[in-house]
Amino acid sequence: MIAAHLPILQIILPLLAAPICVLIRPQKFVWPFVLIVSWATLGLAAMMLNQVLLSGPISYALGGWEAPWGIEYRVDLLNAFVILLVALIGAVVLTYAPESVKREIDGDRQPYFYAAFLLCLTGLLGICITGDAFNVFVFLEISSLSTYGLISLGRDRRALTAAYNYLILGTIGATFILIGIGLMYMMTGTLNMADLASRLQGVNHTRTIQVAFAFLSVGLTLKLALFPLHIWLPNAYTYAPSVVTAFIAATATKVSVYVFLRFVFTIFGADFAFGTMHIDYLLLPLALAGIFVASAVAIYQSNLKRLLAYSSVAQIGYIMLGISFGTITGLTAGIVHLFNHALMKGALFLAVGSIFLRINSVQLDDLSGLGKRLPVTSFAFVLAGLGLIGVPLTVGFISKWYLLLAAIEAGWWPVAVLVLISSLMALVYIWRFVETAYFRPVPDDAPPVSEAPLLMQIPMWLLIALAIGLGVQTSLTAGIAQRAALWLLAGAP
Amino acid sequence: MSNFISDISLQINLVDIVLLTILIVVAVAVIRVRDLFEAVVLLGIFSLLSACIFTTLDAVDVAFTEAAVGAGISTVLFLATLTLTAREEKAQYSHSWSGFIVCTLTGGALIYGTLDMPHFGDPDAPIHQHVAPRYIVESPEEIGVPNMVTSVLASYRGYDTLGETTVIFTAGLTVLLLLRRDRRSHNRIASPPTAETTDRRGSHVMHHAMVLRVMSKLFIPLILLFALYVQFHGDFGPGGGFQAGVIFAAAFVLYALIYGVEAAQRVAPPARVQVFVALGLLLYIGTGLASLFAGGNFLEYKVLAHEASHGEHIGILFIELGVGITVAAVIINTFFYFAGRGRA
Amino acid sequence: MSPTTAIIAACLLPLCGAPLIALLGRRENLRDAVTVLIAVATFATVCTLVPAVTAGARPSVHLIEIFPNLALVFQVEPLGMLFALVASGLWIATSIYAFGYMRGHHEENQTRFFFFFAVAISAALGAAFSGNMLTLFFCYEVLTLSTYPLVTHHRSEEAKAAGRIYMGILLSTSIGFLLLAMIATYHIAGTLAFVPGGILTGRASEWIIGVLLLLYAFGTGKAALMPFHRWLPSAMVAPTPVSALLHAVAVVKTGVFTIVKIVVYIFGIDLLAETGAGTYLTYVACITILGGSLIAMTKDNLKARLAYSTISQLSYIVLGAALANNWGIIGASMHIAMHAFGKITLFFCAGAIMVALHKTEISDMKGIGRQMPFTMGAFLIASLSIIGLPPLGGAWSKWYLVLAGLEAEHYIAVGTLLLSSLLNIAYLMPVAVNAFFYPAPEGSHGRQEAPLACVLPLLFTALGSLILFFYPGPLLDLCRQIGR
Amino acid sequence: MSQILGLYNYWIVILLMMAGFYNVIARGNLIKKLIGLNIFQTSVFLLYISMGKVEGGTAPIVAEGMATYSNPLPHVLILTAIVVGIATTSVGLSLVIRIREAYDTIEEDEIQQLDEGP
């Protein structure tokens, strides 16, 4: 039964667990329960990816109503891959969570926190798995609403304004998406993605569909924080609780990128997006501008979380740059970096969480001599940071390789050079941490601290191990990404 | 052109034009007024007018919901927020040119997009040719429910509705995360109401409003009854779990407004309400899982009974109940948190 | 031991030894013993490969495929064999020297030092055995990263600044140029394998080959071609054993090794000779040779002078490669070994002087030959080898390089080589001469040599220079096979 | 002419949308922004419902003697969207309450000053 209903169990498991969290008494059992659920979700995701690899795309008709009339789940290589990523980060972050949560969130709110976390996870998974355009919107809102709540739990009052601004911009984005879906529906009469894709062929010369495309693109770029629509992101990442930042930074924008890919390539088709709408004319400069502006801003940040947040904006630029080439290699680069960046950023933010747990600050000025005070965590941060720079033998290198190859294949030499220059900017901002941690003396009045507990170390190092291991064993990431890219460009859903 | 401008449609068009014009006036007024209270009331009016338009456009279920939510719940929440924050928008009024340009561009793009749209009301539009015909033609047979909106909502796209219920649950949870007092200060709120705490909410005025108190005692049971009617009659007329939940909650909100939040909380203790928040959603998922165990797909109600349409009835009954429970509980809870939060 | 196991073992021994060294951190003697043991074992392993390679075998190991048609591959060929022998052999000497130096100089964090040292050697060996450009690039970068903690060992402001320059130049050139060149090559040729005769023949226009060579040459920042040489002098803030091994052997030699390797196996010397695409590189090399020497003359700090001398000498090798004929390749590869022995001796001596007399400036070193006769004797020998005078090893490599210049009819290169020898005399000889021909400084009391652990290795390496003159045969055999 | 008669409904709806949108992006009062957001969303609902209307049709509830029904699918979608809207509003309002407690103001520029200040 599990095999046949794999797609729905993937979503229902965390969804079912969320209300149960609220009911569990005594509350100390909530976390173990959530933990089991999250790892089971990961297991399902792995099974599903395996099934897709073995026997091709899976379709699941919800309510037993076949596709254009009912809602369909459609799992192909691309979304199985993204689902695995989201489930993996979810499980890892939840394993890491309890100490950090105890520190940053009031005791009696914790069960609700975990419930909201699970809802966020459900929302993200739901977005990825569905084959129905409107269903995307519904699950987008589930993840967004829970994210607003999770962000607002930060200790700093600025967490509240960050959450509010995200709510306003996120809702504008979602409403734009709603308008886009509405216009598409209007011209085709269907909401099913595959059905949309085939029916749009006949009407995609119409101005209505062009506008629908524009609105969807704008709405999604807002959600995925492409420069200059990234303004909600830095504050949200900076002031959210550590665990939330780690989870959201690694997954939320990535899922939006996935939706973007799905809409642009599967539904509208590359010919329409690139041939008619010339989306690359807009995407490429914006991605490059985002990479440079955000990297430059990151260099001057004094708050480590903020620094990483701007770095995220830059990294999203890389992903979108790859996509903007519209070639197989370019898409491979985008998809592979989507996965790789999630691993690295997840690890980095988990390290930051451990630092905050012990030092109670993430201001660079307070981290002098951290290499001596928290050697293991500092080293972890540096390792993950190297990945961000794109040093060989890390996943970052794999992404950069494909991106450069794509640029050169497309004949965009100057772009390749710009990408390389920008990775040096990453070197600068990561090195600010290195020099603070290893070259500044430990302040005299600094109290002795011990490393974060093992339960936090293990998940962090797991991500780092993946960020290095998958930089060598690339068939899992780049191999799948390449196949997914081929499918996307072939236009077949 | 003469095809579809008949006398009747012209009449509807006229009603339409008038309503839409008023809507524009209201929308512009909302932008212009400085007093937030006025703005909120205008927003309520906007919702109510939209509900009217929905009715003229045959969307009775939507109209019902918009009236209950937009004009009702949303206004109550806005007003509750106003009492906790500030009533006036800041004095200086500055026109934002950048905002104006963005809006003009966005609006311009949309209008450009309308140029190739099928005309309003055109029965040949693609939207009426594909997918929907099955709902209209076959759903009364397949599902056995006259209200096609209910069929689509609860069965064909029942999964969207599960998502919708989850959204409600998420919102309830998020409000709780945001507005719940941590334990130390929580005790202060939960302490037995003294004269002072009751007075602060302004509810003492209501103590003397004898007429209201008596009338409400009369009305509240009726409202509850109506909620149950809407809940179970959704298959046949407009309405369903969501609307019923809102109305059910409205009874409690009314009670709280007149007798004070503390009194309402004695009737519906927040901890208990929270349990119902979760239970509603669990009921919905449970129904889906039941069909899974009965050998169908998730939410495939057909398998719940020997006869397909009977199964559909059972399934829809349970999921609507789930929706109703969660909606009512979330709204009651949300109201408690909004109203129970004193000025810090 | 089969050749393939030997390859893996040679690369992994130091790498696996590193954690062991870290674990034994508190027990200094044991730690140091283990370090030497690993060094010896590594050298022995490398040596087992020599017969097969000399006989013409090219053992290789295919590891994991990282990109389509591009795997991590290790393959031993003569040039890599030569470099591996030099690097692993001199590691033994350096380890022993380092114990004397680090203890004599009371350095802190010695365990960390030895740990990263071992990692760096591992990376250097990996680079030597690389079977394609990607593998080489990986090892190249690991080497950069693992030597960063060594360069900045003192954690001072000065070390931090030096570290910035070090990382800044090495990473930015390698990521900015080398990676770009690699990806472009991969795009053009569909592979990055090292193939005798090159992989680009007939696939790219002359113009593109010129640009690629430019990117490769300047991308290999470790070769310290001007204007990307700044990292080398600034890295001299590191403890002397680091300067000695890494900046006379492992790091800089990885740089020039990479260039020779690229010239021979990516472009192919025939392609370069035919197209003349490498001509401008000879000029860059000439300028660096002369520029490095001229700057060296102005430096009073001994290590700084040696650093600029290194910059100049490295370009001999680049020049040999750029001349693109067989003599050039033989001269270049021999110079890798010859210069390594000479320069490491000079650095050892500089360190020994620092440990024994706490002197760093050349002007303070008058007459110290009486206090440190062995050290300064070795210094003299090494200087002569660097200058290229018989009967020392340096004479051979310079001889082949001049031959290459003549064959290519590149008389500017020949002139540069000769002029540079004169400059070498001008900046190296005064140190030795002043040491011996001035009376001992006042207040000195007789012999004041550095600890035995310092003196022995430097005598050994000086002797090495001498031996290499008389028995260049095996070396020459290896060099002749390069590119075949 | 037919164009105008056939599309005026959408145009007015778009005007409404933009009025709401302007309110969201141009105003500094946090509550006012939410009000704008509500208007924006409600107008989008109008767009959806408009497209579901069939000339001469009736509400999609089976009734004797009726043959033409308006399209029920947009209604279902919008029911969901309304719920999403109120959910967003309630979360937004709770945030406003908390912001007011933390900053003692709900004006965007004043909050910005407080954050940038000491």
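Just so it is clear, A, B, C and D label the chains in written order, and each chain counts residues from 1 on its own.
Quick note on the criterion: contacts are C-beta pairs under 8 Å (C-beta built on N, C-alpha and C of every residue); 3 or more make two chains touch, one makes a residue touch a chain.
What you see is a predicted model; the values in this text were computed from it and never measured.
**Student:** Averaging each chain's C-alpha atoms to get its centre, pick out the one most distant from chain A.
**Tutor:** C
**Student:** I'd like the Å distance between the centres of chain A and chain B, where a centre is the mean of that chain's Cα atoms.
**Tutor:** The computed centroid separation for chain A versus chain B comes out at 31 Å.
**Student:** Using CA atom averages as chain centres, what separation in Å is found between chain C and chain D?
**Tutor:** Their C-alpha centroids are separated by 70 Å.
**Student:** So the centre of each chain is just the mean of its C-alpha atoms; given that, what is the distance between chain B and chain D in Å?
**Tutor:** One centre to the other, that is 13 Å.
**Student:** Quick one: report the Å distance separating chain A from chain D, using the average Cα coordinate of each chain.
**Tutor:** From the centre of chain A to the centre of chain D is 28 Å.
**Student:** Please set out, as single numbers or ranges, the residues of chain C touching at least two other chains.
**Tutor:** Touching at least two other chains: none.
**Student:** What parts of chain B, by residue number, touch at least two of the other chains?
**Tutor:** 110, 114-115, 117-118, 125, 127-128, 131-132, 135, 157, 160, 163-164, 167, 170-171, 174, 178
**Student:** At which residue positions does chain D touch at least two other chains?
**Tutor:** 21, 25, 34, 51, 73-74, 77, 80, 84, 87-88, 91, 95-96, 98 - these are the residues of chain D that touch more than one other chain.
**Student:** If every chain is a node and every touching pair an edge, decide which shape results: line, ring, star, complete or other.
**Tutor:** It is other, because the touches fit no line, ring, star or complete pattern.
**Student:** For this structure, enumerate the chain pairs that meet the touch criterion.
**Tutor:** Touching chain pairs, listed by label, are A-B, A-C, A-D, B-D.
**Student:** Using the touch definition up top, name the residues of chain A that touch chain B in the complex.
**Tutor:** 1, 5, 8, 12, 15-16, 18-20, 22-23, 60-65, 68-71, 106-109, 112-113, 115-116, 119, 122-123, 126, 132, 134-135, 138-139, 141-142, 145-146, 148-150, 152-153, 179, 183, 185-191, 199, 203, 206-212, 214-215
**Student:** Show me the residue ranges of chain B that touch chain A in the complex, using the header's touch definition.
**Tutor:** Chain B residues touching chain A: 109-110, 112-118, 125-132, 134-135, 155-160, 163-164, 166-167, 169-171, 173-174, 176-178, 180, 182-183, 186, 274-275, 277-279, 281-282, 285, 288-289, 292, 296-303.
**Student:** Which of the residues in chain C come into contact with chain A in the complex?
**Tutor:** Contacts found on chain C: 64-67, 72, 137-138, 141-142, 145, 152, 155, 157, 159-160, 163-164, 167-168, 171-172, 175-176, 179-180, 183-184, 186-187.
**Student:** For the complex, which residues does chain A have touching chain D?
**Tutor:** Listed in rising order, the residues of chain A that touch chain D are 134, 137-138, 141, 145, 148-149, 152, 157-158, 160-161, 163-164, 167-168, 171-172, 174-175, 178-179, 182, 185-186, 191.
**Student:** Where on chain D does chain A make contact in their complex?
**Tutor:** Against chain A, chain D makes touches at 21, 24-25, 30, 33-34, 37, 40-41, 44, 47-48, 51, 73-74, 77, 80-81, 84, 87-88, 91-92, 95-96, 98-99, 102-103, 111, 115.
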